[in-house]
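Scrolling down, you'll hit the structures one after another.
In the two complexes that follow, chain A is the common piece, with chain B as its partner first and chain C second.
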Partner chain A sequence: MSLIFEKLCKNLLLEHFGLIIQTVASDMFQHGPRTLNQMKVTTKHPISKIKESLCVLIKFGYVVYEQTDRGIVYTLDVEKVITILRYPRYMYFVKTFCGDEAEMMLEDVLKNGYERASQIIVKTYQRLEQFPPERRSTVPVLKEKFDLLVKNQFLMRSLCSNTLSDVPTDKPDFNMPSLNVKALTRLIQGNEVDAGDNNIYWKINNDRFTQDLRDQILVKSIAKRIDDNAGELMRQLLYLMYLRTASWADTSIPIPVTEIKEAMKKNFPSILPYLDQYLRIIEEDSSKFIERVGDSGGGQYSVNMKEAFHQLTWVVLENIVMERFGLKAARIFRLVHRHKYIEQEKIQQIAMIPAKEAKHLTYTLLEENYLQIQELKKPGLSTAPTKIFFLFHIDLNQVARMTIEHCYHALYNIIQRRDYEINSNKRMIDKQLRMQTLTSNMKEHGATEEQLAEIAEMMTPSEKLQLEKVQERIKKLGANEFSIDETLFILQMYIRYHR
Partner chain B sequence: MASRGRGKGKPLISLGGDQGNFGKTEVAPPILQPPPSYLPLEYKPLPTTISNELRYLLQLKKDFAEYMHESPNNVLPIVIKKDIERYSDRYQDLLSMKQQYESRYDWTRMPIELKRKPKKRKGFKQKELVKKKIRDIDIESKLQELEKKETIHHSDAEEDEKDDDELDEKDVEDKIDNEEEEVDEEMDEGTDYVNNYFDNGENYEDDEENLDDGAIF
Partner chain C sequence: MDLNLEHADKQSSRESEQHDPITQKIINLAQLKPKGISDKDISIEMPDLQPIQKAQAINKLLAQGFFDLFKQGETLLYKLKDPSKARTAKGADNEEKIVYTIIEDAGNKGIWIRDIRFKSNLMPTQLNKILKSLETKKFIKAVKSVAASKKKVYMLYNLEPDRSVTGGAWYQDQDFEAEFVDVLNQQCYRFLEQKRDSTKDYLNGPIAEKNATFASSKEVWKFISDLGISKVKLSIEDLEMILNTLIYDGKVEKMISSDGSNFYRAIRPLLDSSGLVKSPCGICPVRKNCCDFGDVTPIKCQYITEWLDL
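Then we have the complex of A and B:
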């Protein structure tokens, strides 16, 4: 774990949970697993505050604990902390998949770490009451939505065994307790009733969301490369893969064409006449997402996840090289990739770039660690430099890891910059907020147009212009945060499959 | 680029002879400005386009971060009030829904050591209660004894009454002693003069002489 990763995690915790929790977490970052008393010594916060912070961190699953002979030892789960970045994506995904109500429920779970089903439904109902009647829904509908979330495994039971030792043994539990709808309605009215799910808490299933984001990337890239129909076909293939293969397997168990046909008939009949062609195109494409593995039963295809992320990572890195060092450097990068091991002179000959420039670019790439050098000596000869071959090659794993670090760094920088922008313009942002509340208050009390205009004039035109600029900048930074996270995700998937 | 800069001692092979007489023929122009703090960007990054999807994601992110920051999950430091306690403070506490964090968790699923221990003050009060109870029982048992005595020695009532008085007096004294001790315990150590006072014993004899003088007049 690198320093910059630690900094990024700390920054995320600071943004969401405040300073004390950040210091408690950073203590665990520095020293690894800690007991309560050790933390008290190093963080210098009152013990009650440390306890409170640990409670929050445990509730959100960022800290796990274990009973040892030293007492209870707390450990920070850093991989979990970084997922804070992806929460909006999870919410959006659920929104498109299961609808608005489901999104609200998920949001509620995310905001609380874990929660009881009855509470989630009650809270969502109360939130929906603020909307116009056509967007409200009844309790049974909400309950169904919740069932849907659980059925799709977006939520899973949060077992009280949050301890480290139990993790390998406990399997995710998706059993839905029988909720009493009548009791739910009474809960909404504010009565204290038992809805039949005491001590059954739900938390989000990170693994499931990771898989979904992974699949989304595959579908999206096929849709972009070929067309939407092909994207839909890919989606069905992935669905068929789920039915027969473990979720993180490298390749799927072969899927016969007949089955693909049936699935498409059910879900997407318009593609049927061209199904064979589409399969062929996806198969022959350089992206290598699927491969033909046999001819029995009219042909069999399997989805090759490992290879897919290998290819995607290549594309990502190629693009990064192109944007950082220009088109010609990208050409050299591709060239080295194609030839695996290549000499300096050969690059100059093949790349069709002036020799001097080619040399310069090659060494720039080497300096930035995108290329690696391999020395080959003839045995028994003197070590004179002329007798040694210097072969350039690319160690993809290493380059991917390096780029992941760059992503962390960029994310950290973006967050820093955003904080700086917000802090240096705090006065103006606050003023605008005050004005907004004032205007809405005045409107409620039936203020005249003149009064409203007067309030609007509190801000000078130059201030408005400045504010607009700042807000645009903050938005841009936020948008970039998401796109960097997407790159990061692809690279992380690559590392996961190619460990 | 990588080959430049290092070879101070012997010139590298790739550098020709012209490098050697660099110092003689040319004098490097004096540098008047500090180098720019950032290197000039050779390749500008692509412009960001914010799609509707991104806009929605941004809004979600902002709302989530704000909610989390405002929620009780943000552990706030203990604020020490600088000046006097105000009447309105109580109401502000009510308004801000300040709860003990313990009430928000289900303690069947948390390590119990994270629960705050009851404060020491409370423990002290409990002890006091126990003491008082014991004393009550003593008095009652005594009264019962006395009643028995009364029934047995009805004739020597007067003497008994005297004894009773004495007993009562003793009780009262005991009580006062106890209370004094308790007060001592409750007093802050900082203000207790006795703790800080140290008699090195030098004045011991002088005091006695003075006392003698006093007695003589």
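Then we have the complex of A and C:
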């Protein structure tokens, strides 16, 4: 684990949970698995605070614990911490999949880490009340939305409890308790009633989101490479894969064509006349997402996730090389990839780049570790440099890991910068916030137009201009964080499949 | 063939005017027997010739480079040299002749001065002199090789240098024509791209649509030739080299058809440009120096500031 990764995680924790939790987490970062007492010594926080922090971290799923002879040992799950970055994408995904209300519910769970269904529904209902009437929903609709979230396995039961005796099991539980709609309505009115889900908490199902984002990338790529019909076919293939294969298997269990046909008839009938042709095109494409594995039952296809992310990673890296070092460098990079091992002289010949430039680019790539060099000596000969062959090659795993580090660094920098932009303009942002609350308060109390205008004038035009600029900057930085994470995600998937 | 022979005959007859009758006779004899003549043949033809006279005449002819000496079994054979070659070597001394034959053997690939030195066992200074004199007489010429800019190779004056020496269509003098290659690269891609776009909304199914986007290397070649951007005549192989660079640019894919010809088509990338490089940190040249303290920090960073103000 690298220094920059640690810094990034700490930064994320600080941003979302505050200083105390951050110090507790970074203690585990530095020392690995720790007991409560050890943490007390190093962090110098009171034990109650540490306990509280650990409790939060456990409920959010960032810390796991284990009973050993030393007592209970806590371990930080860093892979989970980094998923904080992805929460906005989860929300966006749910929004497109299940609608606005579901997004609000998910947001609630993400904010709290774990929550009871009744509470989520009640809170969402109350939030919706602030919107204009056409956007409000009734309690039964909200309950349905919540059911949908659980049915799609976006949420799962949080099995943490306050007593040690129930050590959480790995098996995810998606059983929905029967909620009493009447009781929910009364809860909203502010009464203390039992809605039928005491002690049943829900948390987000990270794994499920990761898979969905993963599938989305595959569908998008195929749609981009071939066309939308092919993309839709890919989506159905992935769905069929879920029905029969463990979720993180390298390749799916073969899917017979008849079944694909059946699924397409149901969901996307317009493709049917060309179904066989589309299957062949996706199979023959150099992306190698699916492969034909047998002829029984009219042919069988299998989705090859491992290979797909292998190919996608190449595309990502080639693109990065192109942006960083130019088109010609990308040509050399692909050339070395295609030839596996190749000499400098051959590179400039095939790439058709002037010798001097080719050498310069090749050695720049070597210096930046995108290429590796392999010396080949004839045995028994002298070590004169002319007798040695220098072959260039690419160690994909190494380059992918290096680029992941690069992503961490970029993310860390962008977050740092965003914090800086916010902090250095804090006074102005606060002022605007105060003005907003003041205006809305005044409006409620029936203030006149003149009074409102007076408040608006509290900010000078130059301040307004500055504020606009800062907000633009913060937005840009936030969007950038998002796009870096896209690259990071593909590379992480590659590492996950090629460990 | 006949013409050539006639030409050669004329030449040799013109030259032979300067020879005395004995040598002239021997030459005529040798012309009749292209496989070579032996001492015996000469004795039969000219029985009254004294052995000393004969030896003198042959030695003279050998020295002038009219004859080559061969040994077949026990007998010596004199063979008339190709008149044109004999002519060129004339007026040159023995060393020059040796160097000339070495260069001649190298053909249109040429030979490096070092290799001539090893083969001829001549001193470098002497060899330089000889080469210079041969060059001024326009028997040989020096050609710069593209493989190594400082390496000169020698070949006969009338020869067209091999592609490996000149580098083919892509070299003007010794310089690689990067711009020319780039233009061709772009034009080839434009052609394939147009071909792809013209097949949009194809009604005969996706495979037919895909097949229609393929263009053979010959089609591309024709397009490029018709454009007239190239002053040099390009071969299809030359163009396939260009198309290969497009494959390595990730813009084109290749298919080999059943009859062995190559087909190419423009493809779309699997992904949009990576998110990482949209960030100033993704393409930062000083990232190695970047940390929380010091001159390069994310907060002070000039690159990020510029990017934010875009």
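Heads up, the rule we're going with is that the second predicted complex is superposed on the first by the 455 of 499 C-alpha atoms of A that agree within 3 Å, B and C clash if a C-alpha of one lies under 4 Å from a C-alpha of the other, contacts with A are read in each partner's own complex, and residues count from 1 in each chain.
As a working rule, a residue touches a chain if its C-beta (ideal position, glycine included) is under 8 Å from a C-beta of that chain, and two chains touch if they have at least 3 such contacts.
As the structure is a prediction and not an experimental result, all values here were calculated from the model.
For the composite obtained by superposing both complexes on chain A, the positions of chain B and chain C are free of clash and fit together. Touch criterion met: A:A355 reaches chain C, while chain B stays clear of it. In the superposition on chain A, A:M402 makes contact with neither chain B nor chain C.
Note on the composite model: angle chain B-chain A-chain C, taken at the C-alpha centres, equals 130°, rounded to the nearest 10. By the touch criterion stated above, A:V56 is placed in contact with chain B alone, chain C being left untouched.
By the document's definition of touching, of the two partners only chain B reaches A:I20; chain C does not. Residue contacts after overlaying the shared chain place A:I320 against chain C, while chain B stays out of touching range.
By the touch criterion defined above, A:R338 reaches chain C but does not reach chain B. In the superposition on chain A, contact is made by A:K476 with both chain B and chain C. Contact with chain C, but none with chain B, is seen for A:K224 once the two complexes are overlaid on the shared chain. In the superposition on chain A, A:Y65 contacts chain B only, with no contact to chain C. When the two structures are aligned on their common chain, the gap between the nearest CA atoms of chain B and chain C comes to 5 Å.
Across the superposed pair, chain B and chain C both touch chain A at residues 323-324, 476, 480, 482-483.
Against chain A, in their complex, chain C makes its touches with residues 170, 176, 178, 181, 185, 205-207, 210, 241-242, 244-245, 248-250, 253, 267-279, 281-283, 287, 290, 292, 297-299, 301, 304, 308.
Taken in their complex, chain A has these residues touching chain C: 7, 217, 221, 224-227, 229-230, 273-274, 277-278, 280-281, 286-287, 311-312, 315-316, 318-320, 323-324, 327, 330-332, 334-335, 338, 350-355, 357, 403, 406-407, 409-410, 412-414, 416-417, 420, 473, 476-477, 480, 482-488, 490.
Chain A makes touch with chain B in their complex at residues 15-21, 36, 45-46, 48-49, 51-56, 58-60, 65, 71-72, 87-89, 91-92, 107, 110-111, 160, 162, 199, 201, 323-326, 360, 363-364, 366-367, 385, 475-476, 478-480, 482-483. Partner chain A is touched in their complex by these residues of chain B: 1-3, 13, 42-43, 45-46, 48, 50, 53-58, 60-62, 64-65, 67-69, 71, 73-78, 101, 104-106, 108-111, 113-116.
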